[in-house]
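Pasting in a structure now, in structure tokens, and then I'll have a few things to ask.
The chains carry the letters A, B and C, assigned in the order they are written, with residues numbered from 1 in each.
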Amino acid sequence: MKLFSSVNDVTDIDALVKEALALKQNPYANQELGKNKTLALVFLNPSLRTRMSTQKAALNLGMNVMVLNIDKEGWALELRDGVVMDGTTVEHIREAAGVMGQYADIIGVRSFPGLRNREEDYSEMIFNKFVEFCKVPVVSLESATRHPLQSLADLVTITELKTTARPKVVLTWAPHIKPLPQAVPNSFSEWMCKADVDFTIVQPKGYELCADFTQGATISYNQDEALVDADFIYVKNWSAYEPYGNILGKNEEWMLTNEKLKLTNNAKVMHCLPVRRNLELSDEILDGPNSIVVHEAGNRVWAAQAVLKQMLESL
Amino acid sequence: MKLFSSVNDVTDIDALVKEALALKQNPYANQELGKNKTLALVFLNPSLRTRMSTQKAALNLGMNVMVLNIDKEGWALELRDGVVMDGTTVEHIREAAGVMGQYADIIGVRSFPGLRNREEDYSEMIFNKFVEFCKVPVVSLESATRHPLQSLADLVTITELKTTARPKVVLTWAPHIKPLPQAVPNSFSEWMCKADVDFTIVQPKGYELCADFTQGATISYNQDEALVDADFIYVKNWSAYEPYGNILGKNEEWMLTNEKLKLTNNAKVMHCLPVRRNLELSDEILDGPNSIVVHEAGNRVWAAQAVLKQMLESL
Amino acid sequence: MKLFSSVNDVTDIDALVKEALALKQNPYANQELGKNKTLALVFLNPSLRTRMSTQKAALNLGMNVMVLNIDKEGWALELRDGVVMDGTTVEHIREAAGVMGQYADIIGVRSFPGLRNREEDYSEMIFNKFVEFCKVPVVSLESATRHPLQSLADLVTITELKTTARPKVVLTWAPHIKPLPQAVPNSFSEWMCKADVDFTIVQPKGYELCADFTQGATISYNQDEALVDADFIYVKNWSAYEPYGNILGKNEEWMLTNEKLKLTNNAKVMHCLPVRRNLELSDEILDGPNSIVVHEAGNRVWAAQAVLKQMLESL
């Protein structure tokens, strides 16, 4: 594997999930593979789970890890081409990425969308420039429109904990006070659409995700109906795709509660975290027996390790 | 050892001090113990000595180390329970700590007090929530009311350098321009009260520490009298316990000088650092032959290594 | 080697360059040398290349690395002696450096000049205090007046890529909108003056570097003349030495272009990076076949590794 930016970079999803679950049982068996190999984790935005789980995955594989908060520790990056850099940016992404490719065998990059210009965000300009100019394998640590390491960990978690062959998985929109990216729901949706699950997305009118990511999903606008018999509920807020990056209303009644859980097949509740308590998801759910959010976060290690292992094998 | 938050977590103080001094002679003998074990160092506040010495201690033991400045690199933490998170905090400590416990075998946490609400600070809310929710062994890297790794290093230093069986140790208040926590003097006091030393605390009226930490200490208000025949002087500023977090006056005459040192038994001068020169402690002392502050800081490695070693042995 | 602050600390420049090129061919042969040795990289200013390449070099040698952004993660440093520290600085460089020397076998320090007081900057006060008080070998990661790891990497690059025994090397001033330090051109010049090259410096009147660094160089004010038959062009902006730290005019015509390249012997174009595109150096050069800036940045690893290896051998 030379690139991990979406589900489309994976040739055999089942095999990758099985690899992750096998690594969870036997984390340290491949340390010769990573010996003297360096992973650079480059952050243009904050991170807790992705930062720590990917670092841990690399260490499990015997790799060295260098973490760089590029805007805070390095230099303010210019992302546009052809400009005269006489403003506040100090280094162009062309040089920054090119140089990092000299120091690392694999690079992970996190770059959030601006949520102002949909075309620019959905062209994945920043992430794609990194890939183009660093010239080494790249793992997305969440880009403008996708968060594939999260989605792989989510599929690993569902595979690990499902009690029926083909579980019902519901992605439900949740309230928030700030406009959030569509990266997590886009990505979760495109992974679920390729997995052996019965997949429904439910959201208030106007919050439909870009159709490119939801081919094969059942689309609903009635949360109560959608939750019926659900085995897994994936809770997440996102801002509108059209008008891009907008919040369309409070929709406080969309917050999941124990009352709503009664509609489900005792569903396990997932969230990528961070989660705003009592806004996106209630205390009673997060502190109750149905929440698997911490367990899900733990599986981030094995998802990252499976991807890094396949990348190391292809170096 | 599953928790290192105060002297009360140590079953045999003498043995722990001896372990630290033994590790100083032979730092690399236990690297199999830490192999494939990960220490996460989580900072809610700045750190130099604690950060570097604990990292070095873990590396000496063969561990991997992940350092996280959580508010700057991760997400703004919510610490209160039951609130609707519709403000500036992005992640609750319950999830943050829980998730970190998935990625680390041992966690070190630094969280200073707010110095506004004594009850809240002295309940050690933040530290205790980390311990409760991360579910792995935790080392305090300084909490609201204690700094046990510093105190252990201080006792190691006194044990290493004492020239009499039962040295006289004086903790003296020093001037400062900002209200500082009571964590270092509280902690030093409770360790000294359990050690084989003659221990005096001297401070201006009104700066008495919480009595829970000073049982067995001689309490004085006359610096000149207290310093007579001292073998070790521990210099430190702290703000008042009552009214909590206040500065009660300038008290510039409390700064230690060479003139005052003449009262002592050629006392060695200690300070946890950072120290404000010529405010808390004079140049002439810090640059003179009686200062052992850098040596003392060096012993932070062996204190941390002794604690981590006992934790690794109990995993 | 106990100190690497300038070319004057190197006894045999040729041997050091050869060592760097040999390490490039065989990076992992000396890992026993660095085992259980710790490099602390201390930054008072931002860094990308120096941070990552020196970290990589140390890892290649089997060392442990601790990175500290001291002003952001540690405490605001006081640099002046004899002051009463009742302002915003929290820790004196004497203690900070002394303590770091307790935790590291080798320390790398980056400290930029203030560009306000020439005497202070050129005395290398900060860097020299670190060296004096930390008491372990120190590598400059760029100080007020020099950037020796960069210059060594530059000489390694010229040696590696030259096609004539004694190439013509031209250091040309380039435009910028902010006053930049003289560290890179000073340092490049003093290394070139000791190397087996034909070395010219060309700049607008008023931008002459301090003569201490340029003994043996041809000094020119006519860029077109200077570029004739050049084999390597080193592009860099710097502010005036007199009046110190000033910008004397826009001089936009000094930006290197493909048109100007025609004057040269198909010269390879170098820059230490970060570079402001279309201000210091044009897109057409940076994206064209003559630019070797990314390759040059890659050689930073081998320069740092050669220096660290010699330091480890002298521990």
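The definition used in the following text is that a contact is a pair of C-beta atoms (placed from the backbone, for glycine too) under 8 Å apart; a residue touches a chain by one contact, two chains touch by 3 or more.
In UniProt terms the chains read A, B, C = N-succinylornithine carbamoyltransferase.
Since we're looking at a predicted model, the values are computed, not measured.
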| item | value |
| --- | --- |
| Where chain B and chain C overlap in contact partners, by chain label | A |
| Interface numbering overlap (same over half, different under half) for chain A and chain B | different |
| Separation of chain A from chain B, taking each centre as the mean of its C-alpha atoms, in whole Å | 39 |
| In chain C, residues with contacts to at least two other chains | 72 |
| Chain C to chain A touching residues, read off their complex | 27-28, 43, 46-49, 51-53, 55-56, 59-60, 69, 72, 177, 273-279, 283, 286-287, 293-295, 297-298, 301 |
| For the chain B and chain A complex, residues of the former touching the latter | 36, 38, 40, 64, 66, 68, 70, 72-75, 78, 81-86, 89-92, 94-96, 98-104 |
